[in-house]
Structures are given as structure tokens and as C-alpha cells.
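You will see chain A twice below: alongside chain B first, and alongside chain C after that.
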Partner chain A sequence: MARLTLWRWGVLGLAGLYFLVPLAASVVFTVDVPGQGVTFDAYTQIFSTDGFTSSLLLSLELAAATIAVVLLLMVPAMVALRLGAPRLRPVVEVVCSLPLVVPPIAFVAGIGTVLKWGPEHLSRTPLFQTFVAIQNPDFPFVLVLAYVVMALPFVYRALDAGLRAVDVRTLVEAARSCGAGWPQALVQAVLPNLRGALLNASFLTLALVLGEFTVAQLLGFQPFAVWIVNVSGSQAQLSVAVSVLSLLVTWVLLLALAGAGGRTRTASRG
Partner chain B sequence: MTVTAPDTTATTAATVEFRGLRREFGPTVALDGLDLTVRPGELLALLGPSGCGKTTALRMLAGFEHPDSGEVLIDGEDVTRVPAHRRDAGMVFQSYSLFPHLDALDNVAFGLRMRKVRTSERRARAAELLELVGLADKGGRFPHQLSGGQQQRVALARALALRPRVLLLDEPLSALDAKVRLSLREEIRRLQQDLGITTLFVTHDQEEALSMADRVAVMHAGRLEQCAPPAELYGRPATAFVAEFVGTMSRIPGRLADGGVEVLGQRLPVDGPVPAGPDVDVLVRPEAVGVRTDGDGSARVVATSFLGAAVRVTVRLADGTEVKADLPAHEAGGLGAGTAVTVSLPERPVLVAARTP
Partner chain C sequence: MTATAVRVDSAPAAAVKRRRRSLGWLAVVPLLAFTALAFGLPALAMLDGAFTAKDPATGATSYTTGNLTASLQGAYLTALLGSVKLSAVSAALGVLLGLPLAQAVVTSRFRALREAVLTASGVLANFGGVPLAFAFVATLGNAGVLTRHLGLADQGWDLYSFWGLVIVYLYFLIPLMVLTITPALEGLRTQWREAAQNNGATPVQYWRHVALPVLLPSLLGGLVLLFGSAFAAYATAAAMVGSSIPLVTLQIADAISGNVLVGQENVALALSLDMVLVAGLVMAVYLPLQRRSARWLA
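== the complex of A and B ==
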């Protein structure tokens, strides 16, 4: 028993070192400027650098929109799949896993081609305005569409695991025999028991959107990840400080999400 | 059908009618023209082997399945097209049907919440129902903190919360252990009689059906075989299937002659319909068979098993037929395996069925 515990601590320590050493090195690099001693200039500089707030806000807005869209799309679809057509599950699973196989670079090339149809073929139709609107640099909805597709594999898996743990059919039937209509049965009886799964799906989507670079960069928008790379070209210390900060921001957001859902998750266990 | 009155008694009990219900799932016929009437206030058990269509019939009454043809009537009113949540039927499922995210009280109050009953009122009513099922102190527990029997009690309270006209029980005891099953069985029956609510109870356990129900409907391959009070079902089964499904039945070869049947050297009158003869099987319950030690007897005891008050003796006749007999323990003392015996039947009319190969 003692040896087992020793092993566990050993493994934990090694894993901790693997993650913490680079992190610590980054932090030291940003605060210890040669010749000046310890200084937090790099961090204070972040907030005054042009584009920090706007790009971070854009990323958060994109993340919120993506989470909303992907859940509105996937939750009814997965519940319907479970209740109505269980045989179609492998098909949906394969479709939802496709974004893992298609590299983002190919994906964005495809999106770029489609977006070019706007000026080339549709300039005299009302659709042209739609194409313009989804590429509005203040809130590029085309990125939300792209992120929804990219989040599908993670959201599918998270929801599937959650749905496996509850007997959706019986819950819906029990609710209906208690006088609940279909929408009420889903919202009042099924969704509360999927809280953990919804939370996991949101986690993964949030992390994905905050860190996504390829698609945003190639389509010419500037969310947080793109801004970090752009800044890092000019000032080495500043860029590392931004990375450390973005890591912290992501952590804080994930913890906040967990805190919001954790209380009820323990209540609905079992 | 008000949900606001504080008393727990149901309004007038409803009549339920199934008329010519038919349902196919691909190649299998789940219901093949089911006609059945449940009288007001009675507990009717739907009994049958798995796949006989009993659950499908119940789910059609609940509104979860729809018949290919035929209709479901509650109090003479056709509800075949009425959606499940407007059927006014409370249902208890096999197991694990409580909402895991709600405590016992909120589970019971769920239906009232759907009907927009005020919070204080529905909590009071839910507490009252929990008391009715003997769980007044467990209102704050979540389903995973309750035992299987307690969960089913909460489910029963939840099903009764909206004062349904019909109570549907879909094998509610099958996931429980034997002792809990017995006590809950009695409790469901007591509640059902107190409330006088028309109840349909699906089970594959014949003992459960016979001990609880006012009438038992035996189903086989999507059809109704017989619907009768338990004693009649056991004593005068209408078909060979019912005879063998309900209780234990032995088949002894016999021969029809002069309106009677010759069996085991006796001539007995025939009860019920007479099949085409002359070779038939006589159906006998184990408690009706007499077994006597007889050195000259052609039958041999094959096995005995002790059942408590009685001993079940399996006897092989000269022609190889095996007959089961229940004897009082004190009479079965000398009957070890291999003992030569004679088998006799009481001088009463017997059931006969066409000979099965």
C-alpha cells in the first residue's frame, strides 16, 4: 500500500514538473528582465497594447455564440436520435467526427472558396448582403459557423456520454404521464439530468474557440489567438506574458463554468 | 378532475375498453385484435409470457404507443388519438423512472407543477401523498438515496398526484427483492381499494397476478386467452394455454368414451369443452393427484422436493408420462426415489385437451 502511494506521488510529481516547469520558465522570463530585476512591466503593457480588450471580447463573444448554436443544434438532435432513430446513431457519429479528420487548413480553404461566391456570382441577389453580414469584422458570424463544425466531435462525445447515463425514454414517458407536453418533458425532465454533459460540451467548445488560430487568421479576423501571434512578432516578453495571461483567463473561465454547474451536478448524481 | 381539493379519494372510477386493438412491429404481431373491458374500480392484471403484448396494450392506454387499428375508450370516450399528457392516466414504470435531479417531494409534485398549481398548494398535496405511501419523512431525499422499494412508492405517489382516472402499473415490482415485493404488493392493493381507482397491472408473475387482482386477463401471442377472477382462472382454465401458464398442470393420457374420459383406470366426467377424440390429455393440478405406496404399482417415484407444508412428488407412469403431485409432508414420508406407487384422481369432473405429441 505504501509503495503504491509512493508510486502515485512520483507519477503526479513528474506530470506536475512536465507542466509546471515550462510555465514557471515563461513566468520568470516575463518578470525577470536582465539589468532591471523583477518587474511587471510586460503585464501592465498588455492592457495598454492596442487590441487586447477588443480581441479578447471578440473571442468571448464568439465562444458564447458557438456554445449556444452548437448546443441548440446538437441537444435536440441527439435526444431525437435516441428516442426516434437509434439505428442512425453510427451515421451521425461518423458525420460529427469528420471535422477531426479534415485538417483546419483544408476546411478554411473550402470556406474561403464559398465566401468568394458572394462577390463573384451573387452580387445582384439579396444573398450578397448575407455574405457581407456574416463577415462583419465586429462580429464575424462565419467564424461561429466554422467553430460549430469544429466543435461537433467534442460536443457529440460529451452529450453521448451524458445521454448514456440517463434513461431518456423512461424520463420522457414519466414526464408525459405526469401531464407534461413534449417541450416541457425535454426541458424539465431530460435537460436537468444532462447538466454535466452540457457543461462538458461547453468547456470543450470554450477551450476550442479561445485557442483557435488557423481559421480566424486565414479568413482575416482578429480574435484573441490571432492577436497574440501578431503581438509576439514585435515584443518577445510581451507575447509570452500574453500567453501566460491567456492560460490564466481560460482557467478562470473553466473554473467559473464548473462552479456554476457543480452544485447541481452533485445533486443529480446517481 | 380538480387537483386543488385536499382529499385523496378519486372521483368516480372509470371504465376502460380495448376494442379490436392491433399492432405490428415489423414482422412481429404484438397485438392481434385485443378486446378487453376493465370495470370501474377494479384491479385487472394483464398476465402473460414476455412478448405476449401485455405491455403494448398498457402503453396504448397510456398513449405511448398507437394501434394500427382498433380503439381505446375511457368511460366510453375514444382516446386513441389523445396525446399521452392529456390522457389522465397515472403510470408506474418498471424501475428508475424517478427524475434523478428532483427530491422525492418534487418528484411527486412534478405533475402538479406541469398543471401550474401554486407552489405552497402542490407541496402540501405532495407531502400528503408521500404520507399515503408511508414516506412522509423521506421528502427531501433524492432518488439515489432511496431503496428500490422506496423509489417505487414515490413513483406510485407521483402517479396518483394528478388524481388520474386510471392507474397503470408496468411490472412495478419486478426489479425488487422478494420481501419488499410482497409487502409492496399488499400496499398497492390496499391503496387501490381505498382510492377505488380503476387499475391495470402488467405482470409476468402469475402469483402476483392471482394474489392482487380482481380479475386476471391471460394473454398469449397478442390475443386474450381468458379473463376471469383468480379462483376461476385457476380452477376452470378456459384453454390449455391458460391451464399450463397459470399454476402447475400435468398432462395424463386418457381416452374419451361415452361422454366421459378413461384415465388411470378410472372413468371420470369431462368438465368444459370436449376436444375431438378419442385420444386426449387429462389436465390435473398437483394438489388433486393422489399417490399411494403400492408394491404392485406400475408407477415409480422419480424425485421429491420439499416445499414446506407440502412435498412435490414427481411420478413416472408406466407409459413414461411424468405427473406432479403435492402431498402433505407427513404423507410423503416413505416416498423415496424409486418407490413403486399407484396414482389416482378424485371423483370429480376433469379438464381435457387435445393430445399434444
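== the complex of A and C ==
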């Protein structure tokens, strides 16, 4: 048994080394500038650097919109699958897994092609205005569309795990026989029981949108992750500082969620 | 008598069922319509573009397999093979290193440690990307902390090389492996180990004849999943190496943004199609394996 414990600590120690050294080294990199000694400029500069606030705000707005759209689409559908349309279940499962088969870079190549149809074929039709509107650089709604698609597999798994623990049918029937209408039964009986799963799905989507780089960069918008890369050329220390902070913040957020709901793991399982 | 009673009871029940079914359809249709628009349309556009060629002189378009052929030749083929090689090596290493770590975490008695490791795995496996690249540039890059203090540059170390990328990729592949294999390891019953021990098996024999065969589908599934994840990775490589290493994702990005040659957009779409085919193959192998491993873990 002692040998086994030793082996376990050896593995955990090596893993800890591999995973913590880059983080620690990054922190050292940001505060120990060659020729300047120890300085915290990289951290104090973050807020005053051009583009930080606007790109972070843009990312947060995109995340809020994505979470709202994906939950509005998925929650009724997933509840309905449990209640009255079990035959649609495989269809929804496949639809929500399809984004896994199309890598983000291939997806954005497709989106770029569709967006080019706007000026090429549709410039005389009212649809053209829509194409322009969803590419407004202040709030590119086309990114929300892409992110909702990319979040579908995560949200599906999170909601599926949550619904598995709840007997939706009994809940709804109980609420209905107490005189509640369909919307009331859904909002007041089912949703409170899904709080953990909803939170989980929201946080996973938030983390996805905050870290997303591929689609935004290739469509030419500048949310948070793209800004970090753009600023790295001139201010290496700053970009590393922001990177480490964003990783840690995401981790702490998800850890807090795991503590609160205890469901993060089931949702993340591949 | 009984028959009529049943019929009287079932009539309203059937009506309720029908209403429920129509409500169910009503709730699922927006989701399907949305995915058809936001996912189906770009996918079809990609497929169409991959087989379309545009004559630069006349502007006329015609269907051709030329793009696909071009995407499997020269620099593009090198990039495709480079991606496959990088993904295969890192996926294999990820499985070999992730399994002992997952086993150590699963058998640990500290709940807090398990939660912290598994949550961190979730973050690193899915949302690393750009921050990850910069953490490694700061650590092992040309001016990185370890490179400077340990004098690695003199020993020929270069982060922006094949093995440099493997080390960075493992940073999100090992966590992905831990997440994938943990349920399978949790499904290994203590009774199996005890039964093997009672029959006089050594730990090695237990792993060789009991645990590994049960884990095999999950391990292979993990391998395929890791391969797919490494194959599709773009942000890490783009933020780190630019295009100094031939990778298919970097080639697509270059072709889309017209960095190298103008008019390569359709080849980019053909390359994307190649990627989708590989990813589809990955899923086609992964899903049956996952179903098979679920049989033991029920």
C-alpha cells in the first residue's frame, strides 16, 4: 500500500510540475523584466491600455447574447423531448453533435463564403441590409450565431445531465393538475429544478465565448482573445499578464460553480 | 364491459398525448430551424465552394474537383501530413501520460484535489487557446523565463518547432484525456480487483488481463478524440508560431485571408472539407467505441 501511495504522489507531483511551471513562469515573466528588475507595470497598465475595455466589453456582450439565445433554443426543446417527442431525441442529439465534426476553422471558412454572397448576389434585395447589420463591428451578431452553434454540444450535455436527475413528466403533471398553465409549469416547476444545469451551461458558454479566437479573428472582429494576440506584438509582458489572469479567472469561476452545483464533471465528460 | 371502460379512459389520454406531441414539435422546431440556418448554410456553402471554380477572366463559375486535387498536392499536402503527424504523436503521448494521472486522481482520497483537478482539466481542455500559447511563450519561448535561466537556447531548444508544439498541445490534451477516461476508471469495480487478487493474480496480471481489456474501448476512444482535438486546434498554433510550421489550419487561415496568393479561397474550402472528412472519420470511430465502453460501466 505504501508503494502505491508513493507511486500516486510521484505521478501527481510530476503532473503538478508540468501544469504549474508554465503558469508560475508566466507570472515571473510579467513582473521580472530584464533590465528593469521587479515591476508590476504589466498589471497596472492593463486597464489603461487602448482596446482592453472595449474588447472585453464586446466579449461579455457577445457572451450574454449567446447564453440567452442558446438557452432559449435548447431548454424548451430538451424539456419537450422528455415530455412528448421522444422520437425527435436522436435527431436533436445528432444536430447538437454535428458542430464537433466541423472544426471551427472549417466552420468560419463556410461562414465567410456565405457572408460574401451579400455583396455579390443580394445587393439589390432587402436581405442585404440584414447581412450588413449582422456584421456591424460594434456588435457583430454573426459571431453570436456562430458561438451558439459551437456551444450546442456543451449545452446539450449539461442540460441532458441535469434533466436526467429530474422527473420532468411528474413535475409537469403535478403542476398542471394544480391548475398551472404550460408556461407556468415550465418556469415555476421545471426550471428551478434545473438551476445547476442552467448555471453550468451558462458558464461553459461564457468560457467558450471569452476564449474564442478562430472565428472572430478570421471574420475580422476584435473581441478579447483577438485583442490579446494583437497587443502581444508591442507589449509582450502585458499580453502574458492578461492571458494568465483570464485562465485563472475562468478556472476559479468554474471551480466555484462545481462547489455550488457539483455537476461540472458530469457535463464535461466526453 | 371492460373493453368499453378502457376505451372511455384512453380517449382523453390519447388526446392529451397528441397535444403533448404537437407541443413537443413546436418546441424543437426553432432549434432545428436555427441550426439549419446558422450551421447548415455555412456547411453547404463550404461544400459548394469546395467544388466550384471561378474563371477570373469571365467571372463564370463551373463545378470541378480541381480544388480538392489542389488541396492534396504540394504545400497543402505537406501541411495536411504535418497536421496528421503532430496530432498523432501528441494524441499518443496524451493517452500514455493522461492515463496514470487520471488513475492517480481517481484513487485519491482528497475530494477537493479531485474537484480542482477535474475542473482545471475542463478549463484547459476546452478553453486554453490563446492564453495557453502565451503562457508557453513566456516560459519556453526565445525570451522565456526557463529558456533564459536554464540556458536552453544553447542546448538547441526551440519552442517554435515540432516538439515544441507537441509540449504545448499536451497541455490541453492530457486534461482532455483525464476527462475522457475518468468515468471509465471510476467504473472499474473494486470487486474485480479483489476477485483477481483472491485468485492469486499480481497487480500486473490484474491490469493486463482485467483492467486494460475493460478500458481498451475508452482508451482508443480517448486516442481518437485527442487526435481530433489536436487536428482542429488553430488558436494556439496561430498565436505561437505564425505559419513557420506547416499545419492545415494555418494554411486555411492564410488562404482565407489571402495572405499568400489571391484567389485561393476555394482551395481553402476544399481543405476545410478535407478536415471535416477527417473529423467525421474520428467521430465515426469514437462513437461506437464510447457505446462499447458504456456497456461495462453501466
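Criterion: the second predicted complex is superposed on the first by the 228 of 270 C-alpha atoms of A that agree within 3 Å, B and C clash if a C-alpha of one lies under 4 Å from a C-alpha of the other, contacts with A are read in each partner's own complex, and residues count from 1 in each chain.
Note that a residue touches a chain if its C-beta (ideal position, glycine included) is under 8 Å from a C-beta of that chain, and two chains touch if they have at least 3 such contacts.
For clarity, every value in this text was computed on a predicted model and none was experimentally measured.
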{"item": "Chain B versus chain C as contact partner of A:Gln45, first or second or both or neither", "value": "neither"}
{"item": "First (chain B), second (chain C), both or neither touched by A:Gln235", "value": "neither"}
{"item": "First (chain B), second (chain C), both or neither touched by A:Ala180", "value": "first"}
{"item": "Chain A: partner with more touched residues, chain B or chain C", "value": "C"}
{"item": "Which superposed partner A:Gly112 touches (first chain B, second chain C, both, neither)", "value": "second"}
{"item": "Contacts of A:Asp167 with chain B and chain C, given as first, second, both or neither", "value": "first"}
{"item": "Partner chain in contact with A:Ser54 - chain B first, chain C second, else both or neither", "value": "neither"}
{"item": "Doubly contacted chain A residues - partners chain C and chain B", "value": "264, 268-270"}
{"item": "Parts of chain A lying in touch with chain B, wherever the complex brings them together", "value": "166-167, 170-171, 173-181, 184-185, 188-189, 192-193, 195, 264, 267-270"}
{"item": "Chain A residues within the chain C interface of the complex", "value": "7-8, 11-12, 15, 18-19, 21-23, 25-26, 28-30, 32, 34, 73-74, 76-77, 79-81, 83-85, 88, 91-92, 95, 97-114, 117, 145-146, 148-149, 152, 154, 182, 204, 207-208, 210-214, 217-218, 225, 228-229, 232, 236, 239-240, 243-244, 246-247, 250-251, 254-255, 258-259, 264-265, 268-270"}
{"item": "Sites on chain B touched by chain A in the complex", "value": "62-64, 83-87, 89-91, 93, 96-102, 110-111, 113-115, 142-145, 155, 158-159, 161-162, 168"}
{"item": "Contact set on chain C toward chain A in their complex", "value": "17, 20-28, 30-32, 34-35, 37-39, 41-46, 48-49, 100-101, 103-105, 107-108, 113, 115-116, 118-140, 143-146, 148, 170-171, 174, 176, 179-180, 182-183, 221-222, 225, 228, 231-232, 234-235, 238-239, 249, 252-253, 256-257, 265, 268-269, 272-273, 275-276, 279-280, 283, 290"}
